[in-house]
Amino acid sequence: MSTINKSATQISSTILSNKRIGAYHQILLSIGDLASLCRPGNFVAIAVGDESSKMILRRAFAISRITHGSASGGAMELIVAPHGSGSRWICAQPEGSDIDIVAPLGKAFGIPTSPVNALLVGGGYGSAPLFGLAEVLKARGCRVDMLLGASTGSKIYAPLEGKRSASTLKIYTEDGSMGERGRVTAPISALIQRGTIDVIYSCGPMSMLRAISDLTEGTDVVHQCAVEESMACGIGICMTCVLPVKGEDGTISMLRSCIDGPVMDSSTVAWDLVGKTPPAVTL
Amino acid sequence: MKIDYEGFDFSTSLADASFPSPIFTASGCASSGKELAQFFDLSEIGAVVTKSVMNKPRHGRPTPRMAETPSGMLNSIGLQGPGIDYFLANDVPWLLNKGSRVIVSIAGETIDEYSVLARKIRAVQGISAIEVNISCPNVENRGMVFACQTDTAARAIDGVRKIIGGEIPIIAKLTPDVTDITSIASSVVDAGADALALINTVLGMVINLDTMRPHLGGKTGGLSGPAIRPVAVRAIYQVHSAMPQVPILGMGGVASGRDALELILAGASGISVGTASFGDPSAIPRIQRELHSLLLARGFKSLREAVGYAHRSIEEGS
Amino acid sequence: MKIDYEGFDFSTSLADASFPSPIFTASGCASSGKELAQFFDLSEIGAVVTKSVMNKPRHGRPTPRMAETPSGMLNSIGLQGPGIDYFLANDVPWLLNKGSRVIVSIAGETIDEYSVLARKIRAVQGISAIEVNISCPNVENRGMVFACQTDTAARAIDGVRKIIGGEIPIIAKLTPDVTDITSIASSVVDAGADALALINTVLGMVINLDTMRPHLGGKTGGLSGPAIRPVAVRAIYQVHSAMPQVPILGMGGVASGRDALELILAGASGISVGTASFGDPSAIPRIQRELHSLLLARGFKSLREAVGYAHRSIEEGS
Amino acid sequence: MSTINKSATQISSTILSNKRIGAYHQILLSIGDLASLCRPGNFVAIAVGDESSKMILRRAFAISRITHGSASGGAMELIVAPHGSGSRWICAQPEGSDIDIVAPLGKAFGIPTSPVNALLVGGGYGSAPLFGLAEVLKARGCRVDMLLGASTGSKIYAPLEGKRSASTLKIYTEDGSMGERGRVTAPISALIQRGTIDVIYSCGPMSMLRAISDLTEGTDVVHQCAVEESMACGIGICMTCVLPVKGEDGTISMLRSCIDGPVMDSSTVAWDLVGKTPPAVTL
C-alpha cells in the first residue's frame, strides 16, 4: 500500500438525500465504513455525468460532516454550489441514485493536542467543513468562535445544529442581506490584537485566505487554511493543483494541494507567487 | 504477476523489452507511481512510464494549469519535477521494489541535456526502457519543439543513442502537431530509436469567459483525453503503415478496453493510459481486463496477433 | 434583415465584405443552403458559406463517410458536388434571391483549377467573398495538401488573386495539421489573401471494432465538432497575434454562443458553424442569439470591440 | 420556405410510453399536429443525451406508426433496437421525459393510385414502418402479404393489431426459434414467378434489400426499398448518407438517402457500387 492518500477508496455511493439550502445543495451520501476514516478538512472527488458524458474529470468537494449511522453505516454530507456543468449535474441527482466517489482525500486540519482558542473563518460554501471541525475542537476542550461571510445571505451556509458547536457565530454579507454588512475579514485584526486567539482555521476563496494570512503574519497566531486550486485528478498524479510553498530553508516548492493540502499552514504559502512562475530552482 | 490470462498470451514487447501486459501508465499522468499504488498493484500492469524528468529540478508553469474541454482537457504543467538525481535515487528504487517494470521518460531543453540524462540512467540497474520526450521546446532553436523538425528530433535521439549502446530500448515520443509525422518518425528511427511513442498532446487553448483572457497560466496547453483519440489512431496507423517493423507505444484518449483495442489494431504494441486515470484512478487495471476479454471474444490467441490487424486486407484477415 | 439588436452593433466585416451578423454557416455543413431554409430564414444570419465546389462534378469518397467520436465526428465526403457551372447557375441565384449573403467556397486539385474557378466566379454578380479551401490534396505534388506547405498554399492563392483583382475579398482556408500555422498564414497573406478561415478539420481515423478495419470508406477523415475547439482557439489566437490586421473567419467546434465568444475573443471577426447544425438544425440562429446576449452582458457596445480582446493585457482591457 | 423536407419541424416531444417488446423498445411520442404530416417510410431524427453528452449527432428511426388522438393530439410510434450508446439512451428514457425530435423526414413509400397486389418484406426492426404502410395500402384496396425475418424470434416485431392489416403474414428466423427456419428472401422468388405480386415494399438490412433487388431485376415487379445508410444530419446538409443511383441516361449520382430516400426504387440503385467509389464523373 502507498503512503499517499492511504485511506482513499473508490466506491459507489448512494445519495441518501439532496436538499436545496439557500444557494447550495446539501447532499448526504452513504459511505459505510469509510466514515471512520474521514477527518475535517478531507475532501471527496466525484465522477460526474453518465457514461456518455463529455465531462471526463472528477469534481472536488470538501467533506462537510460525517455521521456514523448504525444499520446503514456512515454518511458524508457535502455542501455543493451549482457552479458549472459538473456541480449542477451533482445537484440534479435524485435521492437513491448512485455516484462514484473517491474519499477521503488530502490533508485534514491539524487538531491541537491541548485546549486552545480557535477562530474558524468560512467564506461561502467554505463554511461547510468548519462545523465538523468545530465539534472535534470542542470535544478537545477548545473555545471555538466562528465568522462566516459571503456576498449575500443565500450564500451563507450555517445550519442550526452546526451553530451549537461554536461559542459565538458572526455573519457578514457584502450586500448586508444577512448579519453585518462587510467582509468576514474585517473583525479579525481586532481579535488578534486582543490576544485571545491561538489558531485560525479558514476555508473559502483564495483571496479571503490570503487576506487572513496577511493579518496573522508576524503574530503568534497559527493559521491553517484549506486552499482551493483547480484539480484534474485529486489524487496527486497530474500536478495541476500546485501552490508555491516555502521550505524551512526559504526555497520554494510547488506542492500539490490535493495531497500536501488542501489544508496548509498559511505562513508557508508564498501567496505573492500564486498564479505566477516562481524563480528558477537553484540547487 | 498474479493475473491469470486464461491461456491467452497477453505479453508484449517494445524492441528488446518485454512486458506481461500491454497496458502502461502514460508519462506525466501517474507522477512517480506511488500515488496510484493506493488503488491497484503496480506490478500487475505492463509498466509504469514515469513523468518526464529533466536534469535539474523544475517548477513548471504558473497555475491554472488545467481546463476541462469537451471529452478532453488541456494541461500546462511545464515539466515540473525534482530533477534526475533525486528521481533515480528515490522514485526508481521504490518502483522496482514494488515489482513494477519501469520506463523512464526524459526531457531536455538542449540536445546535450538528453545525453546527460541518458548517462545518468545508464548507471542504474533494472530500467526496462527510456522514453525520450522530444515534444518540449528547444532552447537552442527559437523555442521550437524538438519533435517538430526532422533534424532536431534526430539529434536529440542520436545524443541518447550514443550513450545507451543497446542495453535499454529507446522509445522516441512524438508530437502529432506536425505536417508529416511519418517523416519525423523515420528520422528518429534512423537516428537510433528502437520504438516510437505516439502521441503526445495536441496544442490547444481555452479562453476564460469571465476574465476574457487565456485561461491557463501558460496560455496554451496540451489537449488530451478521448477528444484526441481519432488523431492518435490516425498517427499510429500512418506510422505503422510506413514502418511496420518499428514497435509503437500508442496513447491518446484511451479510456476503455475498446479504445485500447482500436489503437492496437491500428498498430500499437503497447498502450499508455493517461488522462483516463484522472477521472478513474482504477482505469488502468479496468482497461486491462476489458481489453483482455475483447481480444478473447474476437478469437485472438495472443495480443501480438492483433497488433496492426487493421492494415490487413479483408481477405488476408479472415 | 429583420433582427433588432437593441442598439448593439452586431455587424462585422472580412476585408471589404460587410455582414450584419458574425455567424455564418461552415463550408460543407449547409450544402447549398436550401436544406436549412426549412428551419430558419437564411437572410437573418451573417452569410451562407457554400460547400467547396470544384470545376467538374464529383462523386466524392465511398461510404461510410462518417463516424461519431467523443464530442466530435469524422467525415470523409471527398468534395462531392455538382461542379461550378451547375452551382453558379442554380444554387447561387437561389441564395441571392432569398436575401442571403453568399460566400462561395472553392477547391481545386491543381493550381490551375483554382484560377479557372475564380474566373467563373468573377463573372457572377452579388457574391460577398470567395473562401479558398486549400486543405485538399494537390495532385501535382504527391497528394500533399496545398495548405501544408507555404509555397503550394501561396501559389493556390496567387492563382485566385491574379484573376480577382480586388472586387471580392479572398479568404484562404487553412488546415491546422501543420507544424507552424502562422508561417502558412503569412505566406497566403503575402500571396494576396484578404482574410483567413481557421480551421478546417483535423485528420483522424476510427477503427471499426466489428470489421477490425478503418471504419470510413476513405480510411482517414476530418475531425470536427467540440472536440477540436481548443485547437481552433489556439490557431486563431496564434495567427491573430502574429497578424492582428488580417481578419479571421473562425470555426471549429462552435455549438453555442459561449463557444462563438471564445473564438471571437481569440481573434475571429466572424464565426462559421459547421457540425453543430447536424445535431441541431436551428443551431445557427440560436448561437447568434446567445452570442448577442453574452456580448451585451459583458458591456460591449459592438462586436468589433470584442474581436481579439483576449490579447489585451489585463490593465489595457479594463 | 424550402422545397426540401418541407414538412419537417423541430419540436420537443414527450415520451407517452416506453415498453420492451422482445429485443426492441416500443416508444410512443406525443407529436401533436405533426402527426398529420407523417407518411409511412418517413423517419425521425432524435437528439440523444443530455446537455453534457459527448454524442453530438442525431439518431434516425423509421416512423413505425401514427395515431391521431383527440385531446392530446397525435402520436408517433418508434421501434428502437438498443444498438449503441445513442439508441440505448433513447430506450432508457422514462415515460414523461421530453426529447428533441425533427420530423417527418425523407421520402415516403409511394402509394399506388389503383389497387395492386403488394408484398411487404421486413428484416428485424425494418418491419416497423410496414404495418402503417399496410393499413394505407389496404385502405386503397390493395392485397397485402407480409414476410418478416430476423436472426432470432426476439428480433421479430409483429404486433397483433398490425397483423390484421395484412392478408397473410409469414415469419422466418435464421435460428428457427420463430416461424420457419431460413431467410425472409427464400420464398420471394417463387411468389414473383407465380405472377401474383405487383409491387414489393421492403425495409431492413442493406443485404436483404439488395437480395430482393436481385430477385426483382428483369421482372415487372416494382421494388421500393427503405435504405439505411449512416447519417450525420438527416436533413440533407452533410452528404454522409449517399447511395449510388442510376439516372435515366445511365449516369451514376451519389444521392442523399436522407432526402432522396430512405425509400428508393431499387432498380435505380447501383447496388454493386454501394460502399465503393463510382467511376469518375464524365460530362
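By written order: A, B, C and D. Residues from 1 in each chain.
The definition used in the following text is that a contact is a pair of C-beta atoms (placed from the backbone, for glycine too) under 8 Å apart; a residue touches a chain by one contact, two chains touch by 3 or more.
Quick caveat, the model's predicted, so the values are computed rather than measured.
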Between A-B and A-C, the pair with more C-beta contacts: A-B
Where subunit C and subunit D are represented by their mean Cα positions, the distance between them in whole Å: 35
Between subunit A and subunit C, centroid-to-centroid distance (C-alpha), Å: 46
Multi-chain contact sites of subunit D, meaning residues that touch two or more partners: 54-55
Residue numbers of subunit C (touch at least two other chains): 67, 70-72, 225-226
Pairwise touch network: line, ring, star, complete, or other: complete
Complex contact set, residues of subunit D against subunit C: 1-6, 8, 10, 47, 54-58, 100, 102, 229-233, 235-244, 252, 254, 259, 274-278, 280-281, 283
Partner subunit C, residues of subunit A touching it in the complex: 54
In the complex, subunit D residues that touch subunit A: 48-55, 85, 89
Touching residues (chain side subunit B, partner subunit D) in the complex: 70-71, 226
Sites on subunit B touched by subunit C in the complex: 67, 69-72, 74, 148-149, 177-180, 202-207, 209, 211-214, 219-221, 223, 225-231, 233-234, 237, 253, 258, 261-262, 265-266, 294, 298, 309-310, 314, 317
